[in-house]
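Consider the two complexes below, in which chain A is the common component and chain B and chain C are the respective partners.
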Partner chain A sequence: MSRARNFARGFLALVFAASLFAAWLAPVSYEVQFREAPNAAPSAAHPLGTDELGRDLLSRILYGSQVSLWLAPAAALIATLLAAVIGGVAGWLGGWWERLALAATDLSLSLPWLFLLLTVRAILPLNVPAWSSVLITFALLGVLGWSQAARVLCAGARSLRHSEFVLHARASGAFGARLFFRQILPNLKPVLAAQFLISIPIFILTEANLGMLGLGVAEPLPSWGNLLRSLESGPHIVQNPWRLAPLVLLVLVVSSFQLLLPREEFAS
Partner chain B sequence: MRFVRHVLAVVVLLAVCCGSAAAQSGGELRLFLRSDPKTFNALLAGDDASETVGYLTGGRLIRFDRQTQELKPELASSWKALENGKRIRFKLRENVKFSDGTPFTPEDVKYSMQVLMDPKNESPHADSFRSGPGDVTVEVTGKNEVTVTFPAIVASLERQFDVVAMLSSRSPQKELAALGPFFLAEHKAGNYVLLKRNPYYWKKDGAGRQLPYLDSVRFDIAQNRDLELLRFRRGEIHLINSLDAENFDRLQQENASWVREVGVSFDVDFAWFNLSEASPVAGPKKLWFASRNFRRAVSEAINRNDICRVVYNRHASPAVGPVSPANHFWFNKKLTAHPYDPQSSLRLLQQDGFQLRDGSLYDKGGNAVEFSLITNAGNRARERMAAMIQQDLAKVGIKLNVVTLDTPSVIERITQSRDYEMCLFGFVNVDVDPMGQMNIWPSNGPMHAWNPGQKSPATPWEAELDSLMRAQASTNDAKARKAAFDRVQQIVWEQVPFIYLVHKNTMVAVSPALRNAAPVTLRPQTYWNIEYLALTPAAGQP
Partner chain C sequence: MTWPRRLLRLCARLLLTALLGGFLGATLVRLAPGFSFDERELDPRYSRESIERMRAAGGAERRSVLAFYAGYLRNLFSGNLGESRAYRRPVSQLFSERVPVTLKSMGVALLIAWPAGLGLALLWSGGRNHTYELVTTLASGALLCLPSAVLALFFLYMDGPVALAMAVVILPRVFRFARNLITETGAMPHVLCASAKGVSRAGIVWRHLLPVAAPQLLALAGVSVSMALGASIPIEVICDSPGIGQLAWHAAQSRDLLVLVNVTLFVALVTLLANSLADAAGGVFERQPA
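Right, the complex of A and B next:
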């Protein structure tokens, strides 16, 4: 198991590094359309071939990794922090606070998030640069994706509320925020880490889902989501199997994140 | 020797006859329908599914031949338009019966027109006949003769009757009694619609055999195009009315005899700038968009040939204007598509004071030229087109932000809030006649998309469009109408309120088991001649 985790760590480090140095590694700009060579097979000029508009696929995957790999963790961080505040505080305080927070969580979980995202995207200003639209998309994912984690954190904080060390801390005069930040939050760290790691692949896949609907990251910026859209056409995949590269990468990255989950802590 | 030759000739003749009889031995035609029909009353059909069923079940007095694009007599053996199209007299075919055996009489024509024009029924076809204040009257003017009088001239009057299905005033089956080649036998909501041969159908083939050849037509109701393709390849359905370029190529590679590319379709993809008074677009952008030079420059900066080649894999043609070259009569043959010429585009922009500096275009006031283009998400071809337009415009220094929105949001923006700058959309043209575009060109029209619902025309050329559309609508003189509509097309070509991009080709799939199929560009592309379609077991049948 530890070998698999080490492999996952190494693989993720490699992919993160490749995305970080995309500007140096990419053979050409991700947006240049070589219209004479749409759907081209791998060659020296285009090591992973081209997409349906003749854009270099390797360059698009590298730049797309920048979008998906760096912003998905950012969105996961936003979601986990929100969950920590809402779920953790509610579980810690208990009573009406907990009921209120759980009701808000249930409400949030019951919302059709896809339609919510569509609605929010529809009311945003139109003239935003591609990068801003990416940031907005992932910020929305982060802001809307806290509820599942909040439930787990609420349960964790509730169990800590009645634990012996908290009683000892109270007895020694620790109350309020000091008790929460010094005693509760540090003990929620494993759960927070697990929730953070779980959220990353979820947000990567969510962006991919939005991309499959044509609603994710705006053209010409690539993301794993809009790269996966080319897989909609079955015949092209059979004829051009290298077009599966973004999907293979996505599966490997999501699997790697799953392998990194602190299973023992999470199970307890 | 001569005897042997005669015997051989007889044998060959017998073989052909037997083959022909085999080719016309009935069977069930199977195809897909995207949704359940909303009505089985062919006179009130407005949605695609209802119109499809209505086309096969409804009998018409006059039929617009989808192949020749000319009018053909059907239930009316002859007709005459009177008073420049204010009145029309039909001589009805004799001994015609509905599918339940009820005779077809002039009273049925009267009844059908009453149902059509009754505002309570909200027939989508009635407005074409509401030419002025007053009622439509129908008189039985002789044995098997009916005269219909309208309050004012109805443009393209005879052509309008192509959509008027005849109902029975006396049949106990009411609107389900059919005069078309088939009648409705079964409908299981969400599952299938089954039509069976009308035993009383009036039409016969050249050999005197009663039509239609097919016993039944079964529509399986499903939206999934991949499933449709799969079932065609398995031989479970016989026709696909509309294929995209990708699936066409795929089927062609599998078996070239399965697919047919009929030619340029009536559908067109186009873009336009928001010039609406009610639009929140303000400042320099409003001035850019209002300039004919700017619109023309954008049009000339777009490489239509590349769109045809890359997006549609060569199964498309650059668009000239609102009318497709497939529309034989109404297309203005003097016009050609705006050429792809970035240099000419820059010259036009310079005439308006724009300057290209460091790869970016600036207007007279020093504002960088940047605007957004909205289009509907999920339409892969249109999204690709938007990405190509983005790169083309970048070559003349224009920064285009492509925004894909869900279709209801796009519709809301272009029709309600008018909060957009440029829009890329498509027009599925189902009407050959300019009357079908009366909601587009007049300045007060709701589909006058760049600036809809104007109280008075905002520009002299829109005023001219108004008068030309009025002129063509107020006469039945084909030459005068053609001249007026040619001028409409020319104004649109010059002023570029819409930037027409491409017409995709009509591509269909037809099973080799189906005989007499002659696909056309007009709907319904593959089974417009349903009476003559016949099934034979064929080798290599998909």
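Right, the complex of A and C next:
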């Protein structure tokens, strides 16, 4: 298992590095169209072939990885910070604050969040510039994805509230925010890290689903979600199997995150 | 807690969710850009007087969020969910056509996914077969890594039923959760003791494993309703199944917020009801000694 985990770490590092240096590694820009070569097979000029508009698939995957792979952790960071503030503070304060936070969490958890995402996404303009659509998509993922982590952090903070070292800190005169930031928050770090790591593959998959439904990142900017839309041309895929490359990469990346997580976390 | 009290609490939670969810939804609709604008105002065939009358007709509800919410609630309790902007039909009519389609797909999906997932997990606990462990782990892992929309595409090309696509989304989650739970329960002292005393495998499963694991399995059963509803959007859209998921997607595309808010409220109530029933059923098992 540790060998598989090391492999997953190495693979993720490689993909992150490749996406970081996309501008140097990509043969051409993601939007350049070779109109004379649509659906071209892999060649020296286009190592993964081209799409139906003649755009180089490798370039689009590299730039798409930049969007999906770097913004999913950013969204996970927003969600984890919100969860820390809502769940952590509620668990720490207890009483009505905790009940209120848990009720809000329950309400949020009772909604399959793709429905919630669609509702909130619909308020915002659908026809927006490509980079705005990226920011909207991932900001929404971050802002709406806090509830599960908040519940875990609330339970963690509650258990710390009654611990002996907090009692000692209180006896030494530490109160309020100082006690929370100095004693509680550092002890919640492992939970925060786990929740952050759990959120990343979930957000990658959600962006992929939104992208395939046409509600994610807008063209011509590539993301794994809108790259997967090319799978909708079924017969073309059989003739051009290299078009499956974004899906293979997505599965490998999400599997790698899955391997890094404790066994029970991802399934839940 | 006594049964009448549990029931009262469940009803109170459902009502509170409906009121709170309704308020959030109404606020969303009221504050959305273009809310107070009627497309007919651009139609040159309407006279200035007609346009003024149209504006006056919706005037009270346009004033504030609370006035709008009061109107929304009044209509809601009289069974009027409003009219869809995109379909130009009453939302209640759209619901009556589409809710049964989704509920049927979900029901069939849960009936396939649960016995299959639980059965595979019980087989896992039956004995250490490395090939079986490897195959089920890899297969469930691969399914968990695929977006539901990709699975839906696969079923579309294979001409497979929508319910089966939903079942494939739920199955790996049920399997993994049940497998971990049964492995944990199987290592408990009373199970080891029963095994040492020569109790048959079936006896251990029925008398010692399942009763202990039941509350958590029932909780997952409640959550799997939410999973199925979540999967219904990409699956129904891609497989062109006229259910509630497809309605939500169409509404999002055409900014039909009234439909979206009603769909979201309906989904929240269904999942809350499923979770509450699962909790209540789990409570029965928790009170029984294993």
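Methods note: the second predicted complex is superposed on the first by the 246 of 268 C-alpha atoms of A that agree within 3 Å, B and C clash if a C-alpha of one lies under 4 Å from a C-alpha of the other, contacts with A are read in each partner's own complex, and residues count from 1 in each chain.
Simple rule for what comes next: a contact is a pair of C-beta atoms (placed from the backbone, for glycine too) under 8 Å apart; a residue touches a chain by one contact, two chains touch by 3 or more.
Owing to the predicted nature of the structure, the values given are computational and were not obtained by experimental measurement.
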Greater residue coverage of chain A in the superposed arrangement, chain B or chain C: C
Touched partner set for A:118, first chain B, second chain C, both or neither: both
First, second, both or neither for A:130, with chain B first and chain C second: first
Which superposed partner A:250 touches (first chain B, second chain C, both, neither): second
Which superposed partner A:35 touches (first chain B, second chain C, both, neither): first
First, second, both or neither for A:171, with chain B first and chain C second: neither
Touching partner for A:44 - first (chain B), second (chain C), both, neither: neither
Overlap of the chain B and chain C footprints on chain A, listed as residue numbers: 118, 121-122, 126, 213-215, 232, 234
Sites on chain A touched by chain B in the complex: 31-33, 35, 38, 52-54, 118, 121-122, 126-130, 133, 213-215, 218-220, 229, 232-236
Parts of chain A lying in touch with chain C, wherever the complex brings them together: 107, 109-116, 118-123, 125-126, 201, 205, 208-209, 212-215, 228, 231-232, 234, 247, 250-251, 254-255, 258, 263-264, 266-268
Parts of chain B lying in touch with chain A, wherever the complex brings them together: 226, 246-247, 249-250, 306, 309-310, 370-372, 374, 377-380, 383-384, 386-388, 390-391, 401-406, 409, 412, 419-421
Residue numbers on chain C that touch chain A, as the complex places them: 17, 20-21, 25, 28, 32-33, 140-142, 144-150, 153, 156-157, 172-173, 175-177, 180, 226-227, 229-230, 233-234, 237-238, 248-249, 251-253, 255-257, 260-261, 263-264, 267-268, 271-272, 275
